[in-house]
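One structure is given here, and the rest of the page talks about it.
Naming follows writing order (A, B, C and D), and every chain is counted from residue 1.
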Amino acid sequence: MTISLLYALVGVVLLGMGLYRLVIDPHLVKKILALNISGAGVFLFLVAVADRTPGFEPDPVPHAMVLTGIVVAVSATAVALGLVGRIREIKGTAEFSENEPE
Amino acid sequence: MQHSKNTNEVDRTRPIALARKAITALVVMALTGILGWTVWTLPPYSDRMQNLVATHLPISGVENPVTAVLLNFRGYDTLLEIGVLLLAAVGVLSLAPTQVVPAETAPQRIQMLLLRLLPFIVIVAAYLLWVGKYAPGGAFQAGAVLAAGGVLLVTSAVRFNQLTIQSIPISLSIGLLTFLAVALATMIGGGNFLQYPLPWASMLILIIEAAATISIAVILTILFLGRKPDGEYPPKTNGG
Amino acid sequence: MESLLNFSAIFFDGLLVLGLLVLAWTLLRSPDLFKAVVLFISFGLIMSLAWVRLKAVDIALAEAAIGAGLTGALFLSTLSRMQRGSRKNDSKKDRRPSSEEKSASDRISDSGTDAG
Amino acid sequence: MNLNDFLGPLTLPAWIVSLPLVAAGLGVALPKIGRPAAVFTAFATSLLVVRLAGEVLRHGTIQLQVGGWPATLGIALQADGLSVVMLSMTCLIGGAVTLYAAGYFGADSAAISFWPLWLFLWAALNALFLSGDIFNLYVTLELLGLSAVSLVALSRSAEAPPAAMRYLLVSLIGSLSYLMGVALLYAAGGTLDLNALAAAGPHRPSISAAFALMAAGLVMKSALFPMHFWLPPAHANAPAPVSAALSALVVKGSFYILMRLWLTIFEPFINPATADLIGVMAAFAIVWGSIQALLAQRLKMLVAYSTVAQIGYIFLIFPLSSMPAATQTAWQGGLYFVFSHACAKAAVFLAAGNIVYSVGHDRISELNGIAQRLPVSMFAFALAGVSLIGLPPSGGFVAKWLYLNAALTTGQWWWTVLILGGGLLSTAYVFRFFSRAFSYTTETVGGRPVPWIMEWTAFVLAMCAVILGLTAPAVIKLFTAGQPF
């Protein structure tokens, strides 16, 4: 086991945690935080797993992919938070009730 | 689709919520387990891609492999990514709150301090932009640093002069438009889409990155603010 | 000597990884939104250390500036807007908040006082 | 300068992606030119796509290496029959939606945001259909998802923002799942190029996991039962031109990626059980979507649930094509479904939008005699209904005919029961609305006038859905150019 594999596994666990809280937590801001954690997990996995064999220089392609991913994530977060603001204006709350389908 | 909720309903949904938690936990654990196991089964890594990047690096126009991938080898991804950023800015502006209570302007002293700080922020950003050719850095990092300056400005409720306000739409899209112009120009010049002629590659990448830095900074500031910045009110002559 | 170095490196990585997991779980479980966001920013900063350990300095810079810094600032500004919004709503006496809603806005205003 | 220097075959894919992007950027920089830029893009892109279709028919697959780098290092854009059909569909629907929106938004303040967002959505679709790189596909997916969500949120209805939020969350989980698959494929195969990955045939456990993740993410984004829950509120509460684009085009984007991956990287790894699992989900989608459409109180909800059902039909492509004897027929049927559903559903949503525009609501129980008020729109609705039900000579009929053929030649008779039964259900929900719309009332039906362009764009799309039934040989020839399957 290399250090990279450790990080890859942590990435998987972060993805799982994020997904779990995303489904469970009714508060929209928490859902968006959870998505960001999941995203960080995927990014960590993406870089770590490409770097799994010791002795090679790190591969720049996953690095570029993650840079793209981080920018996409902040864009999505901004739109999501904009929607949260709009929903609060209309409904007065930023939670999804739990008894809606799924 | 029932949105209404009375106390009875809340009580009834409790066991359902618990079951939901349990099922989600199980699914997520299974997913995590399977993915974790998959990592062990991966074949030994080949350094084919590193070699490809390394052999093409001398003809990419830059020396930092990550910048080479971002702006040249996979520049098309970055082009679309700048599109995503701009799109997010348009989306956020369209969701801007209908009525805004303008924040109080920060005291004159703080504003002066900020204005003193700004040149340093700009210098750091310019350095990051320039160094991206050789070492870690580049348009996104530089744009983010510049945006930090923008965030400072808008949180201290500095009023921008009308010229600044009017230039926002253009600075938002200049990154995307410059990138597209270069990409199409290289194609009209007889190459492939986004194929920089080697002697110009370095300069074209720098132009694209400079324009992208401006756009990224303005876009990120707007994403933070969630609406257009306030203009001068009442109009002043010496605005920031 | 080398094994000692190696050991301390593994120790450092272990600590980093543990920090990431604990921070992520705590922030996701925290009912206090403000605390969750502050933890999220710390998570981003530790994440950029992890990127350095993975020899991805470009990402480390971007993560610190965009992932932790700007995303965190985005969340904070949303929270402060929500807080202002809920104060405005509280002044409207005709509105009858449901139990959850009330607790949500309480949480936010509590955290607001923490912020000072 | 010769046109060929400027618009050679290898430049066409790049132009098709760039034009809407340029227009979107200009639309942000100079808000006043958003609308003319969109109309120009609609025309110019159509010309380019027609030219590309001609090239593909003559020479087969066209591949463009962006930046001139080899595919494993750079990104390849590729156009075969499959991409060209999807692009043509996008042009047709996109053009109609553009013209419709010009009337719909008029001088509304939402127009400033609508035009750039809509052009971004269009660029995302074009880029998606032309991409030959799995990570590039991820970026296009995000561009598509974010623009679609922002467009839904443009609606003034109070239900729109929560619907948009749900849509955004599902869309982001879907892309994250897809990206995790990309990570696994890259880790195992060392490249992101679709063809190179398919040729390398990476190693088994990781590719199965990647397939599961990517398929799950894409199924979510395509709203296949039971992942459909987000679709009806989002599609029903969006502004009318957006509803049309979402149902006709956006859900097909993620479906197209699944189809591409299925036909290339994952082909050797797919067993009949996987195909049948998707088939079961599709069956539930058809039945559940149709029943909900029958029960819907609002017209746009009815139409949105009809999309849920029709997505079920489209996903039948996977079980039906899994038997070698019927592979070709099934793929052709499925693609025919995609195309004719796009025309019919866009027409129906635009017609429903005309009703809302005119009378201010879409409660079915209060729409008696609406055909007297909006005869052209309701005629369009009726024509499109013919295709949704699958009656001859419409495109929907050809699609179902090909499906039935595929099911019967492989002896999978149970699918024929489903296809025919689903047709009966769709007849029921279409006629449930017609019985009111075409009923005769002596009271005058009030409402504000609808601009002619909004009525006739719906009508033209509905005509296309019907005419598609008569042009089957030509369209099928285009599908198979470059042998995508």
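Quick notes on this structure:
To be clear about the criterion, a contact is a pair of C-beta atoms (placed from the backbone, for glycine too) under 8 Å apart; a residue touches a chain by one contact, two chains touch by 3 or more.
All values reported here derive from a predicted model rather than from experimental measurement.
Farthest from chain D, judged by the mean position of CA atoms in each chain, is C.
Each chain gets one centre point, the mean of its Cα atoms, and the points for chain B and chain D are 29 Å apart. The distance from the centre of chain B to the centre of chain C, each centre being the mean of the chain's C-alpha atoms, comes to 20 Å. For the pair chain C and chain D, the distance between mean C-alpha positions equals 38 Å. Chain A and chain C have Cα centroids separated by 13 Å. Residue positions of chain A touching 2 or more other chains: 13, 15, 17, 19, 45, 49-52, 61, 63, 65, 67-68, 70-72, 74-76, 78-79, 81-86, 89, 101. Chain B has residues 1, 5, 35, 42, 45, 49, 53, 66, 74, 77, 81, 84, 87-89, 91, 95, 97, 140, 220, 223-224, 226 in contact with two or more other chains.
Contacts with at least two other chains are made by residues 58, 62, 66, 70, 74, 78, 81, 98 of chain C. In this structure, the chains touch in the following pairs: A-B, A-C, A-D, B-C, B-D. Those residues of chain A lying in contact with chain D across their complex are 15, 19, 22, 28, 31, 35, 38-39, 42, 45-46, 49-50, 52, 61-62, 65, 68-69, 72, 75-76, 79-80, 82-84, 86-87, 90-91, 96, 101-102. Those residues of chain C that touch chain B in the shared complex are 57-58, 60-62, 65-66, 69-70, 73-74, 77-78, 81, 84, 98.
Contacts from chain D toward chain A in the complex involve residues 135, 139, 142, 146, 149-150, 153, 158, 161-162, 164-166, 168-169, 172-173, 176, 179-180, 182-184, 186-187, 192, 226, 229.
Interface of chain B with chain D (complex): residues 1, 34-35, 37-38, 41-43, 45-46, 48-49, 52-53, 56, 72-77, 79-81, 83-84, 86-91, 93-95, 169-170, 172-174, 176-177, 180, 183-184, 187-188, 190-196. Contact residues on chain C toward chain A in their complex (touch as defined above): 9-10, 13-14, 17, 20-21, 24-25, 27-29, 33, 36-37, 40, 43-44, 47, 50-51, 53-56, 58-59, 62-63, 66-67, 70-71, 74-75, 78-79, 81-82, 85, 89, 95, 97-98, 100-101, 104.
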